[in-house]
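Reviewing the structure listed below.
Labels run A, B, C, D and E following the written order; every chain starts at residue 1.
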Amino acid sequence: GRGDRASGSEGDVGGTVVISTAAEPDFLLPPIILSAMGKMVSDQLFERLAEIGPKMNAMGDEGFEPRLARHWTWAPDSLSIAFELDPRAHWHDGKPVRAADVKMGFDLMRDPKVASPQAPNVAEIDSVTVRDSLTAVAWYHRRSLDQFFTAAYNVIPVPAHLLGSVDRANLKADPFVRNPVGSGPFRFVRWVPSQLVELVADTTYFRGRPKLDRVVVSIAPDPNTAVTRLLAGEADFIEVLRGEQLAQAQKDPKLQVKQYGGVDYAFLQFNLRDPKHHGRPHPVLGDRNVRVALAMALDRAAIARNVYDTLATVPFGPAPRSLGIADSTIRQIPYDSARAKRMLDSLGWRDSNGDGIREKNGVPLRFSVMVPGSSRPRQRVAVLIQEQLKGVGADVTIDQLDFNAMIAKLGTRSFDALINSWHPDPTPSSIRQTWTSEGSRTNDGSNFGSYESPVFDAQVDSAVASHDAKQARTLYLRAYQTFVDDAPAIMLYEPNLVAGASKRIRLVNLRPDAWWAGIAQWSIPAGERIDRDRIGLRPAAR
Amino acid sequence: MSATSGPWSVALRRLRRDRVAIGAAAAIVILALAALLAPLIAPYPPNAQPDIVGMATLPPSGAHPFGTDVFSRDVLTRVMYGGRVSLGVAVLSIALSITIGTAYGAVAGYVGGATEAAMMRLIDALLAVPRVLLLLLALALWGAVGLPALILMLGLTGWFGTSRLVRERVRALSRGEFALAARALGASHARVLWRHVLPSALTPVIVAATLGIGNVVVLEASLSYLGIGVRPPNASWGNIIQEGSEQIASGWWIALFPGLAILVTVVAFNLLGDALRDALDPRK
Amino acid sequence: MRRLLAARAAQAVVVVAVVATVVFALIHLAPGDPFGAALESGRVSPEVRAEWRARYGLDRPLAEQYVRWIGSVARGDLGWSFSRNRPVAGALASALPNTLVLMGTALLLSIALGIAAAVLQAARRGSLVDRGSSALLLVFYSMPEFWLGLMLLLAFAYELPIFPVSGVVDPVMHEYMGTWGRFVDRVRHLALPALTLTLLLSAAIARHQRAALLDVARADFTRTARAKGLSPRAVLLRHALRNSLGTTITLLGLMFPALLGGAVIVETVFAWPGMGSLATSAIAQRDYPLVSATAIVGAVMTVAGSVIADVLGATADPRLRDA
Amino acid sequence: MTPDPLLDVQNLRTTFSTDAGPARAVDGVSFTVGRGETVGLVGESGCGKSVTALSILRLIDGAGRIEKDSHILLEGRDLLSLPEREMRDVRGNRVAMIWQEPLSALNPVMSVGDQIAEVARVHAHASRAEAHAKAVEMLRLVGIADPEQRANEYPHQLSGGMRQRVVIAMALVMSPALLIADEPTTALDVTIQAQILELLAEVQKRMGMSILLITHDLGVVAETASRVVVMYAGEVVEEAPVRELFADAHHPYTEGLMRAMPRVGGTETRLATIPGAVPAPTDWPHGCRFRERCPYAWELCEREHPPLYQIGAGHVSRCHLAIEPERRAHPHVPIAAATGAGAGE
Amino acid sequence: MSERAAGVRPLVSVRDLAVHFPVKKGVLGRAKGAVRAVDGVSFDVFPGETLALVGESGCGKTTTGRAVLRLVEATAGTILFDGTDVRALKAEPLRKLRRQMQIVFQDPFSSLNPRMTVGATVREGLVIHELAEGAEADARVRRLLEEVGLRPDQASRYPHELSGGQRQRVGIARALAVEPRFIVCDEPVSALDVSVQAQVVNLLQDLQRDRGLAYLFIAHDLSVVQHVADRVAVMYLGRIVETAPGEALYDEPLMPYTQALLSAVPVPDPDAKRQRIVLSGDVPSPAAPPSGCVFHPRCHHPARDAACARIVPPLEPKGEMSGSGKSAGAPHLVACIKQPPTTVDDATQRAAGATHPPQRYLPVVGAR
């Protein structure tokens, strides 16, 4: 039986962490989760086969730590991997975790009826089979550098005994997705929509119970409120603090702040094609030299400073520093507005009618920049860019759009420029989706600016295909340089994420791509506990 | 009494003796002038960012009486320019809604019968949707709307009350004796409506419009606060507050001054509207 | 009275139908669709999106969607919320009580406060108390809701942390409190948002009620009451107040949509999980069924509000009973 | 005049401050009302009749003020010097009032029974049930059929005549010594007016109270009052027993009124007129206020404001003709008619 | 109706006029019953003559007057103006016809547009019918103002700056501007004081004499009526119950209602001794008029009986033609089956439950 031991008695075991967020999970069943917050919660509830190591290496299986899988065996041809499950692992309803559960996790992702948004992530896997009750085998179409990552990280086992008979076409309406039974360190307690999700430690977790008793995700309607709750002591942790609020948190004796890097990078992306006649280049931004001149006109360091103070750096190229590939060897376009003006003059863009805006052949140097209404930092950047480009005679109008409206325009490629940011997977190959011709041709690809450079494409392809990590890195660097020189987008900043938390909490393993990876190891020393830490494991009154 | 003592000049004379009304009108004139003349008298250009690293979010000082904002822009200048937008949007949208409301209400009230009943049922329904929600829906769904569209939306959602008011007055007046007298003289319906009914029906509308300007200033500010009103870099009092509300602890001045501008404007328009209503009240 | 109710019921149906149609038109004419957000990750394939759209009938012609939707609404089926991933009715059921509590509290408090202030002002017409409190109420009346809310938040949640910043209850502890503790918890959370709405609303009520009282004070029958030898107090409370109440009740009925609108904004400021928050987030997420449902519920609330106002008005004024 | 009058109004002056300056609506009015007597107060619209009545009950409010040297003695007590609290005991109790517009004089949201009962509750400190019983009794007294039922109805459910009966019932609850009736029948039809006048005469006979009947209808006065006070421009211009007034009006204004009035059964083919109109109370003409409309006016009338001259027993007149009666034989065209000057200028 | 002095054609001839206002009730505002404001009224007005319409408040006088001018639409009946069927006219000819028939209202204040000067008000008719413009119009306005006893310089005044009598003069000048032949005077002096009332009555009479106007003079004040009217029609609950030349009516009122009405008028003579008939009760609602003779529930005629509640009395001649001057030869018509002679014979009456034969009843009511 599950002992309801008085918690807090054993040193650092016990306590409640309230995580403040402005986002609500969408579902709590891994194959259909799309939102980051859904993923965060489900990562506490559902265990993976293996976990990526602290080095964040996604190539091969190096550094991966066993979770549900005790160990794994590669087939000689590397086209299949057999995962052997830990026999101690069990679902929160007491049933053991079996190979069929792994297969169920994969099948749900692949079933067209489910329409899983995760399907592309497991596209390389052909199938998952059950060799015996404790051994599941993943079969691949072809070999690749991150094939292990794909199965171990992306195929998440789910309880087949509970999901075997669900209506897959209506999975989203199934009670399970809001009331899940998992296999991870925390068990699900309740989910009050728009208010909270509550998890409690599974004291029978086979790898040892988490130190915390309870994790509550407290959902605020907007980011400001979320921060406010931390500052007011109503919550204990927030994943990101910036500017003003960071300064406040730093001053607060009850709070700690912690930098943990991040994988996001933001950029000003140009549409290289004419938004009205897709066959033609953009009348202003289609010219590489114009783009370079614009880049030269932007004081990106000052912009980053204004928005993030010291908590952001200008990226080296189209990949975050945390992936460990891009570095200072990449040649940058310098900030030099005088040179930018000269360059524009020589390109024939001159202000002939004295309105402060350059024109060429009657076309004014004018374009609009889209920015989502939901992102304050990006809106701020837009205003800064607008003013700086005005200084060199370029007229920028800001198109602040509701997120959905923006998506619609991106889909039809009907825009001039856009301030965007990516949160890439921890593998460099994700650049394909976002910046190569492959990403521009399909309507749902994410290369919205239609940057189609054969040189860049070839460099990326060879880097992705490379089996040697070192060689891959060189190839990637070369591709990044091509990108910077062509300036299809101007990299703006790469924020250094700073989490804020109550000083009570001993934070462990805030991973750049998933700050929640270490929650099971977080703790609160007995001496520093407050009311809510003393609830213990007892269930809610209702 | 002088030869010109129509109802309006009587009202004007009464207003001139009302100290509160004078004060309110003066406040409105000052705010309006500051807004109108902003390009001439504002100390700085409205969008210039002299030093985004060194001069951002400076507290009020001699050089910047209202301080600077996160972009190192002068808040006083922004508040003056914001007034152009806030007051301009309010005045124009009220003008629009008054026009529509008057036309609609006048037709309904004059025609009467089933047409009137149907027209008024529609108004009932439209009045049942909270205006904020309607605007939220329209503005948020369409995303980027410019100032003209914003004015249009505010105008198009603001006339229901006016139409009711006008319809009631027109209904009463057009069945009243002087309208009947005009008809007995052989005046056409258009003439009766235009010359006899409408001028008298408009008195409460003008009062309502005065009070309404305050409402729209607040409404525009609320929409901008919700992030769907006037879009940057256009300054409006609402979106300056919105920018400022994020800096409330380190840059309280950014939100405070436009907030005060709104408060003064709305109080002034309310006082003026009340005074106008009193001055036009024939019972006094 | 029964006729009045029957007429209002018929009117309510018309109102709701018009609102439903307007909202449907607005939503479907606007660009974007509920699955736009899914694109950001760049991982949702067009097939998946098409599948989703088909599942919710978004691929059908507009007219067909409209007819189906109106039909199901008429049957009481409000549909499925994409953004909340639950039946719309469920989402409403959890939000509506919060809004009702907030609005109800604010309404009751502000009626009490507003009328008390107005009576005081009317009784001491022209005095310092009258002018001072009128000025103060005018200032509240003139404040944008969000601004007043922000200021109260700043004062009583940050500077003097007496009240919590947001929510209906302490999300974590509430479930683990005793009955009394829960009550206190609710009241503490309700305090600031209710106060914001109350200040605004009572200012409006007081302004109106004061004018109505002074109007009635000019009426012949108050003179009759005085000629009967009644004290000014009795005249004010027994005659003037009861008479002017009718117009205030009517005003409240008319103000209901504005009150609802105010609640939307106050809910946003205080993160109050009610209809307002629901509507704003549903709009932002293009959750068509939920947006429509909130608008319909809003309209129903408005009509209900005005029916209640009518009934109360008729109770206060016998002339309306026979109308 | 009775030696010990019930009501003795002395030099009543009531002023309103208006946009156009102070309006001397009632300007030095004196008259008495004896016990059990009916006095008619007549005059043109705006001459100050209602203000006089309201002043007696001290119900002037807002911009109005009763001047210091005025006195209103009721049974010997000066009402103007009573504290407000004691004045309240007078209103509705010793002195009651009925109004011109019965509908607007009644509280629309209170049942008529409650409105009547309220008087008993305030002055007789009656219990709820007693007061209600009293209300029903009063309704019966004023001739309303089915009073129990009617007591629970609201003013809008009654006809005009019934409403005025209710107002009268309300006034009679405490059997007041004085009933002031301000144009009680003006808003009613002649047939209803006859009913109401009949009723008033009957209750007066039964209760023995005095009535100050304000009206502009000389016919009503002739039928009900024993003495008549004629007001013009805020002043009393003539006072006389009713017979004497109708037989032998002294003041040219009264004379003019008598002649201007069409009568059923009269034979004139053309009515006599009084040219012009009453001047505004903000600027009464100096000298005689009727001068411009008067066919006899001469320069004395411009120079000197006429005092009340004693004409006969109980008959006074504010006209210089009293000292130069021969001028009556030589009327001329009044100034107002000659210049076409009107009022409101 | 009346074939008087052969060859004189009535200027206005009204037959069986009815005006019913729907009473709206219910969810959809459907008509549920009607107020029978005017119910079968017939009369003639001859050129240069004054027909007075008297009756208590709500009996339908105003509605009748307005229906004649088509300011309210009649439900039934015919209205001939100088031979033209007024009810059949289209908008434009009706507008033209309005030059010839005008109206003066009871309330001199609410019938003037507060935003228009006296001059503009009087001038409006000239403009509408394009009778004069510019300086000529100004001159005509001046003449009209003088004619009604106002000073021409008062043309720039607003109504609120005038006294009641002056306002009423403006109303009369407005009506006169278009040179009508017929004027409906809807209680033109009821709101005025006696002294001013006399001025206006005289003015109206002078104008009639000078211009040969015909008046439909609506009033509730019988004493004023006697001074202005050639003939008088008494209305009760939407019907005309008695009509006769003035003297005849005042001398010998035959309809019990007229008798009561006359006896109720206070007489400004303290010595007058007379019998007053005080009617019981109120006028019934025109939405539910009594059956038979609408007056029967309040009637004091000694012969009143069940037949009165069943038989609608015809308006029929009682006695010889009478009247002098303009009304010479006008008949005395009365709607009462109990006042002989009557065309409703005994048999019919008895069949309807009569217990009393008709009987001449003439209480002394006048104060002559």
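We take it that a contact is a pair of C-beta atoms (placed from the backbone, for glycine too) under 8 Å apart; a residue touches a chain by one contact, two chains touch by 3 or more.
Computed from a predicted model, the values in this text were never measured in an experiment.
**Q** Counting hops between chains that touch, how far apart are chain A and chain D?
**A** Step count on the best path from chain A to chain D: 2.
**Q** C-D or A-B: which has the larger count of contacting C-beta pairs?
**A** C-D
**Q** Please compute the C-alpha centroid of chain A, do the same for chain C, then give the distance between them in whole Å.
**A** Distance between chain centres, rounded to whole Å: 39 Å.
**Q** What whole-number Å value describes the gap between the mean CA coordinates of chain B and chain C?
**A** Roughly 23 Å separates the two chain centres.
**Q** Provide the C-alpha centroid distance between chain A and chain E, rounded to the nearest whole angstrom.
**A** About 90 Å separates the centre of chain A from that of chain E.
**Q** When the centre of a chain is set as the mean of its C-alpha atoms, what distance in Å lies between chain D and chain E?
**A** Spacing between the chain centres: roughly 32 Å.
**Q** Hey, what residues on chain B touch two or more of the other chains?
**A** 1, 140-143, 249
**Q** Quick check: what residues of chain D touch more than one other chain, meaning two or more?
**A** Residue numbers touching two or more other chains: 345.
**Q** Quick check: what residues of chain C touch more than one other chain, meaning two or more?
**A** Within chain C, residues 30-32, 158, 268, 280, 284, 286 contact more than one other chain.
**Q** Touching residues of chain D toward chain E in the complex: what are they?
**A** Touching chain E from chain D are residues 44-45, 159-162, 189-195, 197-198, 216-223, 242-243, 246, 256-258, 260-266, 268-275, 277-278, 339-345.
**Q** Contact residues on chain A for chain C in the complex?
**A** By the definition above, chain A touches chain C via 16, 18, 26-27, 34, 112, 115-121, 169, 172-173, 177-178, 192-196, 198, 216, 218, 220-222, 225, 228-229, 231-234, 374, 402-405, 407-408, 410-411, 433-434, 439, 442-446, 531-532, 535, 538, 540-542.
**Q** Quick one: which bits of chain E touch chain D in the complex? Just the residue numbers, please.
**A** Touching chain D from chain E are residues 56-57, 149-151, 154, 161-166, 193-199, 201-202, 205, 220-224, 226-227, 250, 260-272, 276, 278-279, 282-283, 366-368.
**Q** Write out the stretch or stretches of chain C touching chain B in their complex.
**A** 11, 14-15, 17-19, 22-23, 26-27, 30-32, 138-139, 141-147, 150, 154, 158, 218, 254, 257-258, 260-262, 264-265, 268, 279-280, 283-284, 286, 291, 294-295, 298-299, 302-303, 306
**Q** Under the definition above, what is the set of chain A residues touching chain B in their complex?
**A** So the residues of chain A in touch with chain B come to 224, 244, 247-248, 302-303, 305-306, 373, 376, 379-380, 382-384, 386-388, 398-402, 404-406.
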